[in-house]
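Some structures are shown below for you to check.
Next come two complexes, and both contain chain A; in the first it sits with chain B, in the second with chain C.
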Partner chain A sequence: MTLVFSFFLLTLLVITAVAVVRTRNLFVAVMLLGIFSLLIAANFLLLDAADVALTEAAVGAGISTVLFLGALALTSERERTATPHRWLSLAVVVSATLVVLYATFDKPSFGDPEAPVHQHVAPWYLEKTPEAIDVPNVVTAVLASFRGYDTLGEVFVVFTAGIGVLFLLSAQHGHAAQRRPDAKDESDIGLRDDLIPRVVGRLLVPFIVLFGLYVQFHGDYGPGGGFQAGALIAAAFILFALVEGEERTLEALPFNTLLALMVSGALLYGLVGLAGVFLGGNFLDYSVLAEDPVAGQHLGILLIEAGVGLTVTGVLLVIFHAFAARDRF
Partner chain B sequence: MMQTVLDILSWILLTAGGAFVLVGGIGALRMPNLYTRMHAASVTDTMGAVLVLAGVMLQAGLSLATIKLAAILLFLLITSPTASYALASAAMIAGIKPDAGRAADLEDDA
Partner chain C sequence: MELLGLYHYWVFAVLLMIGFYAVVAKVNLVKKLIGLSLFQSAVFLLYITMGKVTGGTAPIFQDGNVDALFSNPLPQVLILTAIVVGISTTALGLGIVVRIKEEYGSIEEHEIQERDRR
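Up next, the complex of A and B:
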């Protein structure tokens, strides 16, 4: 049954991908990309990768759609026609496809228990998690503790992406009042005519933040963690910005606070790693953080997940504001 | 016995929900213009979602999953009409006339 669903979803995925490539209207392409993300999230869920599915749904279908729309607002809605090197790109794509198809013959078949991925370190993680870290969600144990270095790298990639966008869009913050002097009037901010989305949006924001915090701190026990929670909380503020206007959002959560969030999350992660060194362990070894090694692991995971959540929230909102502020110049 | 009744009831609800979603999908494809298409798709949002979620709730029984499903149902009942409203009002602002029977919004693309 799962196989049937998988085939169905993968077929839809291919159809959506082709439609994204074929359409000349970029607005349609953005919407199709959102559908693509939702389909692939459902696919991840079928493969029992609930954590990845949650991230993909929140970031791919939610926030990147908004960011794409923000980018579209700065450019035109139509794709420019006539790419000059059509045959060349076709040849590259065809040969790459053939190579990838050839490579799939070497892959173990779907769900094969003898596959290298199930033989190498995965059994060790599954065996060691209950005694060394003792959290029910092994994904969190692997992500935050066993492979804490990788996650540190990911957090700094997100952080660097935020800095990169800020440089590229050269967002000049702190001039919200000067940017739109006509926006002082209460009725001119956000969705001034649309009462229903405004009321419902305002109603939903606290619940989305609450759910984000639940995902953040429940990540040890169920699907979730800092990445997902950061995306959800950022989505709540983006929703607020969409219904109430960007200025109001910047009043609630100023740009400098966002920058501080972004930096402090990455710093917190790094400092937890250094604390392990100073307390006599290795870098990112949480066992030495408390008397009991398992309690130390819990504390370390809690702290670095908080760091991840802070950075992701900060970076996503900074990118959003950088796009939103752009058309005012 | 009880379980069988619940199972049958839940399958009836799930099938009915699926049928509503199907009808909504056909309507969204076949209706002549944007507003009538949205009207058809709203069947999916309300009846389809409510029936499917009720069916799944019967399968889950009295558990945490049912409470989560109820929360999802409440969320959908609030957000999907709002989304439909926002879409319709955006279409109005964009200047698409609610003119039933004519493919008003298709003529722009052609």
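Up next, the complex of A and C:
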């Protein structure tokens, strides 16, 4: 049954991808890209990657769609020109595809426990996690503790991208939070006239935030963690902004608070690392944070996951508001 | 099972190249970024596919499954963070596209190049 389902999903993925590239209506392309993300998330779930599926569903189908739509509103909804040199590009791409397809026959067979990828460090992580870290979710243990450096780097990449978008889109036009539309017709903003999206949106938002917090703090025990929670909470506020208008969202969560969230998350992560150094361990070594090394690991993971969550929420919402505020010029 | 594995890799190859086609052939900048996201998703699929172990389960210890066979957690960690980094970089790309539109009045590649030549 899973086999049939896998084949079905993978085939749908290819069909959706072809449709995304073929259509010249960019709005349609973005909507199809959302469907593509949802399909690939289902695929990740079938491949035992529950954490990845959760992230992809929140980020790919939710936030990325909204950002693309924001960009489309500021640019144009249609591709105006037909593809030039189409046959040349197709020839290049098809020959490259054939090379990659040829290479797939040399890959270790699917699901083989003896494949090289399962031989080196991965079994060690699975074996050591219960005694050294003692959290049930091995993905969280590897992400937050064993490979804490990687994650620190990635948090700063996200942070930098947020700063970059701010630089690009708040240029010339002053601060996004300071601008308000001149008391124009209330019904213009958001979807306030449409009863059903409004009621459903309002009902859903608190539950999405609650679920986000659950995912944040339950990340040690089940699928979840800072990245997923950040994406979910950001998605909840973006939904609120779509239904109620951007102004009310900024009243609930002002722009400066978002900037503070984004900075404090990255700082918290770095400081936890430094705390390890001052208590006599290595950078990002959590074992020294408490009397008992395992308790120290728990505390460290809790803190840095909180840092990740804060930064991801802050950055995604800052990016959203940067695009949304640009709309009014 | 063998065929399913190959099928996963083939879908990866095809998706990768569909994304690549959009990046090289399309002249619309937003479409290029969409192509880049497809390309990126294909790579994610490859990593997660390689992490799968037959008969395995998600790498989360629960009562009673301590000795169970788990899929490889490492590719999952890499991709989980890559997805969030990916959306941030895509947003940065979209920001640049919006600025290009404001400066050049177009997001079609050849029109931008034409204006630059003048």
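Going forward, the second predicted complex is superposed on the first by the 291 of 329 C-alpha atoms of A that agree within 3 Å, B and C clash if a C-alpha of one lies under 4 Å from a C-alpha of the other, contacts with A are read in each partner's own complex, and residues count from 1 in each chain.
We take it that a contact is a pair of C-beta atoms (placed from the backbone, for glycine too) under 8 Å apart; a residue touches a chain by one contact, two chains touch by 3 or more.
Just so it is clear, the model here is predicted, and its values are computed rather than measured.
Asks: Check whether A:194 is in contact with chain B, with chain C, with both or with neither, and answer first, second, both or neither.
Replies: After superposing on A, A:194 lies in contact with chain B but is clear of chain C.
Asks: According to the contact criterion defined above, which of chain B and chain C contacts more residues of chain A?
Replies: After superposing on chain A, more of chain A is contacted by C.
Asks: Contact-wise, after the overlay, does A:251 reach chain B, chain C, both or neither (first, second, both, neither)?
Replies: In the superposition, A:251 touches no partner, neither chain B nor chain C.
Asks: Contact-wise, after the overlay, does A:292 reach chain B, chain C, both or neither (first, second, both, neither)?
Replies: After superposing on A, A:292 lies clear of both chain B and chain C.
Asks: Scan A:127 for contacts with chain B and chain C and give back first, second, both or neither.
Replies: neither
Asks: Please work out whether A:47 is in contact with chain B alone, chain C alone, both, or neither, and reply first, second, both or neither.
Replies: Only chain C; A:47 stays clear of chain B.
Asks: Going by the contact rule at the top, pick out the chain A residues touching chain B in the complex.
Replies: Where chain A meets chain B, its residues are 194, 196-197, 200-201, 203-204.
Asks: In their complex, what parts of chain A are in touch with chain C?
Replies: 3, 6-7, 10-11, 13-14, 17-18, 20-21, 26, 29-30, 33, 36-37, 40, 43-44, 47-52, 55-56, 59-60, 63-64, 67-68, 70-72, 74-76, 79-81, 83-86, 89-90, 92-94, 96-97, 100-101, 104-105, 107-113, 115, 117-118, 121-122, 125-126, 129-130, 136-139, 142-143, 147, 150-151, 154, 157-158, 161-162, 164-165, 168-169, 171, 221-223, 225, 227-228, 230-231, 312, 315-316, 319, 322-323, 326
Asks: Could you please specify the touching residues of chain B with respect to chain A in the complex?
Replies: Residue list for chain B touching chain A: 78-79, 82, 85-86, 89.
Asks: Hey, which residues of chain C end up touching chain A in the complex?
Replies: 1-2, 4-22, 24-28, 30-31, 33-35, 37-38, 41, 44-45, 48-62, 66, 69-92, 94-99, 101, 107-108, 110
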